[in-house]
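After this come two complexes, each holding chain A, first together with chain B and then together with chain C.
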Partner chain A sequence: MHAKGLSAKTKRKMKKLAFYIALISLPILQFLIFYVYVNINSFVLAFQEYDVFTNTAKFAGWNNFIKIYKDLVETGKFAVMLKNSLIVWVWTTLLGIVGAIFFSYYIYKKSPFSNLFRTILYMPHIVSSVVLIVMFKYFVEWAVPSLVETLTGKLIEGLYSNPDTQFVTVVFYCLWMGFGTQVLMYVSAMGGIDASISEAAKIDGITYLKEFWYITVPLVFPTLTTFILTGIGSIFTNQAGLYSFGGKNVPGSMHTFGYYMYVELQKNSANQTAWPMLSALGLLFTFVATPLTFLARWLLGKYGPSVE
Partner chain B sequence: MNKKKRMNITEIILLTILTIYTISIVYLVFWGLLTSFKTQDDFLIQQNMFGLPEKWAWENYEAVFNRLYVQVVRDGVRYKITVGWQILYTLLYAGVGSLLAAFAPFLVAYACARFHFRFNAFLETLVYIVMIIPEIGTTTPMLALLYDLNLYDSILGAFCMKFSFVGIYFLIYRGILGGVSQSFSEAATIDGANELEIMVRINFPLVLNVFSTVVLIRFIGFWNDYQTPLLYMPTYPTLAYGIFNLTQMTTGDLNITPRKIAGCMILVVPITILFIMFKDCQHRRN
Partner chain C sequence: MKNVKNKAKKVMALSLALMTVGATAACGPQGEDIKGDKTVSYVYVVTRDSGLGTVWMDEMAKKFEERYAEESFAEGKKGVKVIKEALRSLTGAGLVGTLAQDDYDVCMGEAVHYVDYATNNLLYDISDWVTEELSDGSGTIESKLSKEHQEYLKGYNGSYQALPWFTTSNGLTYDAGLFDDKALWFADANGYKPFTTSTYTNKAYTGRGFVTAANTKKSCGPDGKYDTFDDGLPSSYEEFFYLCEYMTENKGVVPFIYTGASEHYLNYLFQALTLNWSGKEDSTTMFTFNSGENEVDVITGFDGDEPIIEGKKITKENGYLSTQIAGKYYATKFMKEMFDNLGKYFYSRSTTGTFSNLEAQTIFINSALEPTYDPIGMLIEGAYWYQEAADALKASEDKYGPDAKNRKFAYMVMPSQETGTVNENEGKSVVVGDGQASHLFINNNIKGDEEAESVVKAFLQMCFEDASLGTVVSKTGMPIAVNYDISKDDYEEMSNYSQSLWDVYSTALKNNSYCTVYSGSKLFLANFPTFKFDTTGWCSYKKGADSYETVRQGVNAGLSAKDYFLGTGISQDDWNRNYGKYEN
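Let's look at the complex of A and B:
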C-alpha cells in the first residue's frame, strides 16, 4: 500500500518534470543556439579569416585586430566615430536622463495636463523611427529655411544638407525623440512609490523640489541605474538614426560605431571575407563595454543615493 | 475656500517646457500629414510649407499604393514586391513574431513559477546576467549562423531569432505568476485536469492582459522595424522596409517629398488605429 502510494507520487513528479522540460526545452534550445553559440562564434570569427578560393575559414591570429588598427585607427576614422558616439551618448543618455526625470516627476505628481503629456509622449513608440526621421529631415531641410527667410529675409541652407549643422541636427533629433521612452519608464517606476511616504513628507512640510531630490530620485534609482547601465553599451551600438537619415550615404564625418557596424554588415551580408573583421570590432567593443558597465554598476551602487 | 492647488515655479517651468515639447511632436506629425496631401508644385515651387494644401492631392497616396515596389532577386529570378505583398509579409513577420516573442518568456516564467525545481534559480540568474552584459558584436555571427542553418533570407529565420525568453518580459511574467495562488491549480488537479489544461485554462487567462500588452508592444516594434528584414530577410521586404526604400529614392515619380511623406503615413495610420483600438478594448475590460 505504502509502496504503491510512493510510486504514484513519483509518477506525478515524473509527469511534472516531463511537462517542465517540455515547457523550457524549446526556449532553452533557442537560447543555446541564438545566444550562446552566437557569442562563442563571435569570438571564433574574430580570430579567423576566410579564403574565397578554397571556401574555408582558417585561424588568423590577431590579423583582424591589426586590420582594424590599420583601416580605422591609423586613418583617423576610429577617432571620428568615437567622438561622435560619445557626443550622442552624452546628449541622449546623460543629459536626456536629467530632463526625462524632471518631466516624469511632473507627470507623476499629476500636475496640469499630465495625462495628455503622457499620451503624446507615447507617440515615438508607435510611430516608426524612419517615419519620424523622414518628416523631421524634410522639416529642417525645407520648412525651417523657408521660415527663417520669411522672418529675417535671410537665405539659409537646409539644416541637414549643411555640413556645419548636419551632425548637430542629428544629435538634436536623438535627444528630442529620446525623451519619450525614458519618461514613460520613469513614470512607471515612480508609480510604484508608496503614496504614504509622499503623504508623510507633505505633512512634514517638504517642498516640491526637496521631495523630488530626497524621496523620488532615491526610490527610482534602481530604474535609473538600469537605464544608465544599458546606455553604456549603446555607445557602441547607437546608430543615432543615421541609417534612416541617409541610408548608406551618410558622410564619414558623422559616423558612429553603431552606424558603421550596421552599414558594413549590410553591405557585406553576402561577403564572408568581411565578417571576421566586423566580428573582431564587435568583440573589441564588448571587451570595453562589459568592464565599463560593471564599473558603473559598482560606482552607482556605492555613490548613488540611498533609500535610507 | 479655494481648493485649487497653486503651482510652484518649478512646476510652471516644467509645464512650459513640456507644452513646447509635446506641441513640437504633434506639430511635426500634423505638418507631415498636410505635406503628404500637397503637390510638389504647391510644396516646393509655391513654397507652401505651412499652409493647407492648395488642392488635396490624394493621388500621392494612390501613387505610393500602386507604384511602390521593392525589386528583389530570389533564386536568380527578379520579383517586384508590391505594397500588398509588403503588407502581407509585415503581418506575417510582426504577427507571428510578436506572438513568439511574447510566448517564449511566458513558457519559461510559467515553468519557474509553477514547479519548484533547482534549475529555476539557474534560469532566473541567467536572465539577469544576460540582461546586464552588453551585447554588441553579435549581428555578424548571427548572420553567419543563419547562413549555416540555411535560414538566411527566410521569415522562419526571423521567427527563430524572436523566440527568445531572456529579457524584461520574463521578469514581468515571473512576478505576476509568482503571485498567483496555487489553490486553483490544485483544485483543478483534484478534478482530473492535466498540467497542460491547468496552464491553458487556469493560469494563462490570469496573465492574458499582460500577454496581450506584450504582444502589442512587440507587434508595434516589429511593424516599424525595417533593419532586421533588410539585413536578415532582404527578399521578403516588409512595409517598413519598402517605405525606407521609398525615402531613399533618388529617381522616379515617387521621388518627391509629399509622396515620400504619404508613404510614411501609410505606415503610421494602421498601427495608430490598432493602438487606439487596443487601449479602448483594455479600458473597457478594466
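Let's look at the complex of A and C:
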C-alpha cells in the first residue's frame, strides 16, 4: 500500500539498497565473526585460564604473560626463535626483494632467456606447497648425496638430515619459493611503466643500470613497499615450511615464532588449557608488529625514492 | 510472458535448493544414500584409516549383520545393516570440530584422549552398557578393563564415555628365521664367544655365548624361564650389543633398519626399553604420579657420569621425579650406544629424511631372501607394521615363493639389566604397554533416538564378547587392551608374527606386567599432551632453547646419555608452577 505512493526513483533506490545490503551482509557478517569476535575473544583469552573439569574460564591476570616469560624468555627459546625468524625474514624479504627486483628488471628488459627464467621461477607455484616440499626433500636427501657420492665417492648425509646444513636448507627453500611470486609482481609492475619514459631516457643516453636505479625502482616502489610492510608481520607468523619439512618435532634450534605458534596449536588443538598462553603470545606479537609496521611505512615514505 | 519466466526462475531456484539440501542431508560415504532402506536398522561405524587397518570393522560388521538378521530394533524393521567407513582424520582430536554434525555412531580413533571430546559434550554416556552382563556370559565390559583403565575412563566425570581398543606393543621386530639360519641365538651353556671384550662396557665380556648348532639348547632369555617365546634372546644390554657385533663382524647381518621419514618411530624402542627396565609398578607412576607405599627407582643426580639411583615414594608433590625414573636413563644409554655405531649397525638409508616406513618394511622383509642384499636382523616399528606391510608381504611371496610365506618375524623382548646374563628364575616378565591410544567411542547424537541407542549398544557389547575379541585378534593380529583369552583355533589362524604379539600380551596379562599407560589423575587428564605415552614429549629432550625428538638427534648434537636424560625431565620449579594447581 505504502509502496504505491513511492516514486519510481525511490523504488529504484530502494531496490539498489536492498541489492547492496544483500551483497555486503555476508562479508560483513564474516568479518564480524571471524575477525572482530575472534580477535576480541583472543584478547580476553590472554587474561584467562581454563578449567577442563568444569569447562569454565576464569580471570588469570598476567599469569599467561608470566608463563611466557618463564617458559620462553628465561629458557632462551624466545631469543632463538627471534634470531631464526629474523634470519628467515632478512633472507626471504630483504635479500629476497633485492634479488627479485634485479631479476625482474632482467626479465622486464627482455634480456636473453628472460622468458625461460620467468617460467622456471614461476613453475613451482602451480604445484601444492606440500608436494613441492616433498620433492625438495627428495632432492636434498637423495639427489645431492648421490651426486656427491658419484663425484667424490664419499657418502654424505642428506642436507636436511644433517644438523649442520638443516637450517640453511630450509632458508634456501624459503628464498627460492618467495622469489617466484615477487618476480611475477615486480615484472607486472614494471610492465605498467610508460614506455615513453624509458625511451626518452635512452635518447638522453641513460645506461642500463642507471635506468634501473633512477626510473624503474622509483616507479615500482609502491609494490616494493607492500612486500616490505607485509613482510614485517611475517616475522611473527612465518613458519618457514618447517612443519612440512619435519612435522611437530623439528629441533628447537630451528624454531621460528610462526612454527612455534602453529605447532603448539596443532598439539593442543583440543586442549583448551594451552590456548590462553598462546593467545597472550599472539597479543604480544601484535604489540610489537603494529608499531614496527607503522615505523617502516613512515621510513619508506620519508627516505624511499621519489618518482619526481 | 515475463511473469512466466520469473515463475520458472523461482521454481528452478527452489528445486536446486531442495536438491542441494537433500543431497547434503542424506549422503554418506561416496555420496551414497546411507540409510535408504527403511525396513532395516542401521549402525554407522568409522575407523581410523591407518596401519591398524579396517579388518576389525569388516569382521564385526559381518558378525553383527548375521547375528541380528532376524531381530527387530524398531517397529516395521527387521535386521541390521552396518555402514562402514575409514577416516584419515580419526586421530587425536580430529573429529572434535565435526562430530556433532556427523552421522557416525561408533568411532574407533587413534591417539584419542576422550576428555577432548567429553568437554565438548560429544560423547554418549555408555556407563549402563559397560556395567551390564554380556550375552556370552563372559562378564561385563567393565570387568574386562584394568583398574587403571577404569580410573582413566571414569576420571573426567565418573561415567564411561569411551573404551580401549587395540593395544600396540611397539619396539623391535626381529627375523627369527634369520636368527635360526645364522645361529644368532644365545646358548644356554658353553656358547661360542667370538670376542673377549664387550663393546658396551669396554671390559671383559660377562654374558653368554652363541649357539653353534640348530639343536643347541638356547638360553632362558630375559624372563629367566625355558621354553618361552624369549629363549635365546639377549638378556642384558651387554649381550644385546655383543649380538650386534657378532651380526656385523662375523655374520654379514645389518642389525637395524628404521624409517628416517618418521624419525619419531625410534621412540617406539625407547618405550619398550623404559617399560622393561622400570617394570609395571615404576612405569605406572609416570601416569598416576602416585606410587602408594611402593618406592620407585628414580635418578636423583649423577656422580660424574654415574647415575645416583634412589628409591622414592611418588606423590603429587614430588611427581616431577616420575619424569626421571631409572628406566628412561637406561633406555637413553642403550639408544646412545646404538647411534654411536650408526654407520655400522644401521641400514645405510635409515636416517634419510625421505626413507618411508613402507620402504623400511619392504627392505626388512626381503633382505634375508634377496641374494644381493645384506640381511637385516631387526626393524624398529610399531607392532601394527605387519598389517601395514600386507602388500609388501604378498609381493615378497609372489617373488620368492614358499620361503616368503608366513615368515618367522617376532616381537623382541628387551633386556632389563645392563651387564651379565639372566639365569633360570632370575628374570623378569616382559612389560608391554599401549603406545597408540586407540579407543572406541559413541557419538552423542544418538541420544534420545531409541532405535539408534539399542542398535549401537548391541554392536558395542558384541565387540567385547570373548569370541569377538578372539576374532579381531586372529584376523588383525593386534590384541585388544582388555582382559580375555582367545581360543586355540583363533591362535592357530594367526601368522607367526601375530602369535608372537599375542604371546607377549597374554603373558604380560597373566603375570600382571601389562602397563596401562593412563590414569584417573586429574593432573594427567588435564595435561594429556604432556604425559601421554607417545613417541614424543616424555621421551624427548627439552632444555633451554634446544629440543631433540630422539636420542639420535641428541647424539648428533653431541649430547651424552646423561645430558639427554636430564633434558627429558621436568624440574621441581616447573612442576610446581605448571601442575601445582591440579588435584591428583
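The criterion applied here is as follows: the second predicted complex is superposed on the first by the 302 of 308 C-alpha atoms of A that agree within 3 Å, B and C clash if a C-alpha of one lies under 4 Å from a C-alpha of the other, contacts with A are read in each partner's own complex, and residues count from 1 in each chain.
To be clear about the criterion, a residue touches a chain if its C-beta (ideal position, glycine included) is under 8 Å from a C-beta of that chain, and two chains touch if they have at least 3 such contacts.
Only a predicted model underlies this, so the values are computations on that prediction, with no experimental measurement involved.
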Side-by-side fit of chain B and chain C on chain A, or clash: clash
Which superposed partner A:V52 touches (first chain B, second chain C, both, neither): second
Chain B versus chain C as contact partner of A:G282, first or second or both or neither: first
Touching partner for A:S269 - first (chain B), second (chain C), both, neither: both
Contacts of A:T225 with chain B and chain C, given as first, second, both or neither: neither
Which superposed partner A:Y138 touches (first chain B, second chain C, both, neither): both
Touching partner for A:T165 - first (chain B), second (chain C), both, neither: neither
First, second, both or neither for A:K70, with chain B first and chain C second: second
Contacts of A:V80 with chain B and chain C, given as first, second, both or neither: second
Partner chain(s) touched by A:L116 [first = chain B, second = chain C, both, neither]: first
Per-residue touch tally on chain A - higher for chain B or for chain C: B
Where chain B runs into chain C (options 20-28, 38-46, 74-82 or 200-208): 74-82
Set of chain A residues, in rising order, touched by both chain B and chain C: 134, 138, 142, 247, 269, 272
In the complex, chain B residues that touch chain A: 7-8, 10-11, 14-15, 17-19, 21-22, 24-26, 28-29, 31-32, 35, 43-44, 47, 49-50, 104-105, 107-108, 110-111, 115, 117, 119, 123, 130, 132-145, 160-161, 163-166, 195-196, 220, 223-224, 226-227, 230-231, 234, 240, 243-244, 247-248, 257, 260-261, 264-265, 267-268, 271-272, 275
Touch list for chain C against partner chain A, complex: 92-93, 96, 113, 115-117, 119-120, 156-157, 260, 263-264, 348, 351-354, 522, 525-529, 536, 540, 542, 544-549, 553, 556-557, 577-578
Complex contacts: residues of chain A adjacent to chain B: 15-17, 19-20, 23-24, 26-28, 30-31, 33-35, 37-39, 41-42, 45-46, 102-103, 105-106, 109, 111-113, 116-117, 120-121, 123-132, 134-136, 138-139, 142-143, 146-147, 176, 179-180, 207-209, 229-230, 232-233, 236-237, 243-244, 247, 261-262, 265-266, 269, 272, 275, 278-279, 281-286, 289-290, 293-294, 297
Parts of chain A lying in touch with chain C, wherever the complex brings them together: 52-53, 55, 67, 70, 75-77, 79-81, 134, 137-138, 141-142, 145, 155, 157-158, 160-161, 163, 246-249, 251-253, 255, 267-274
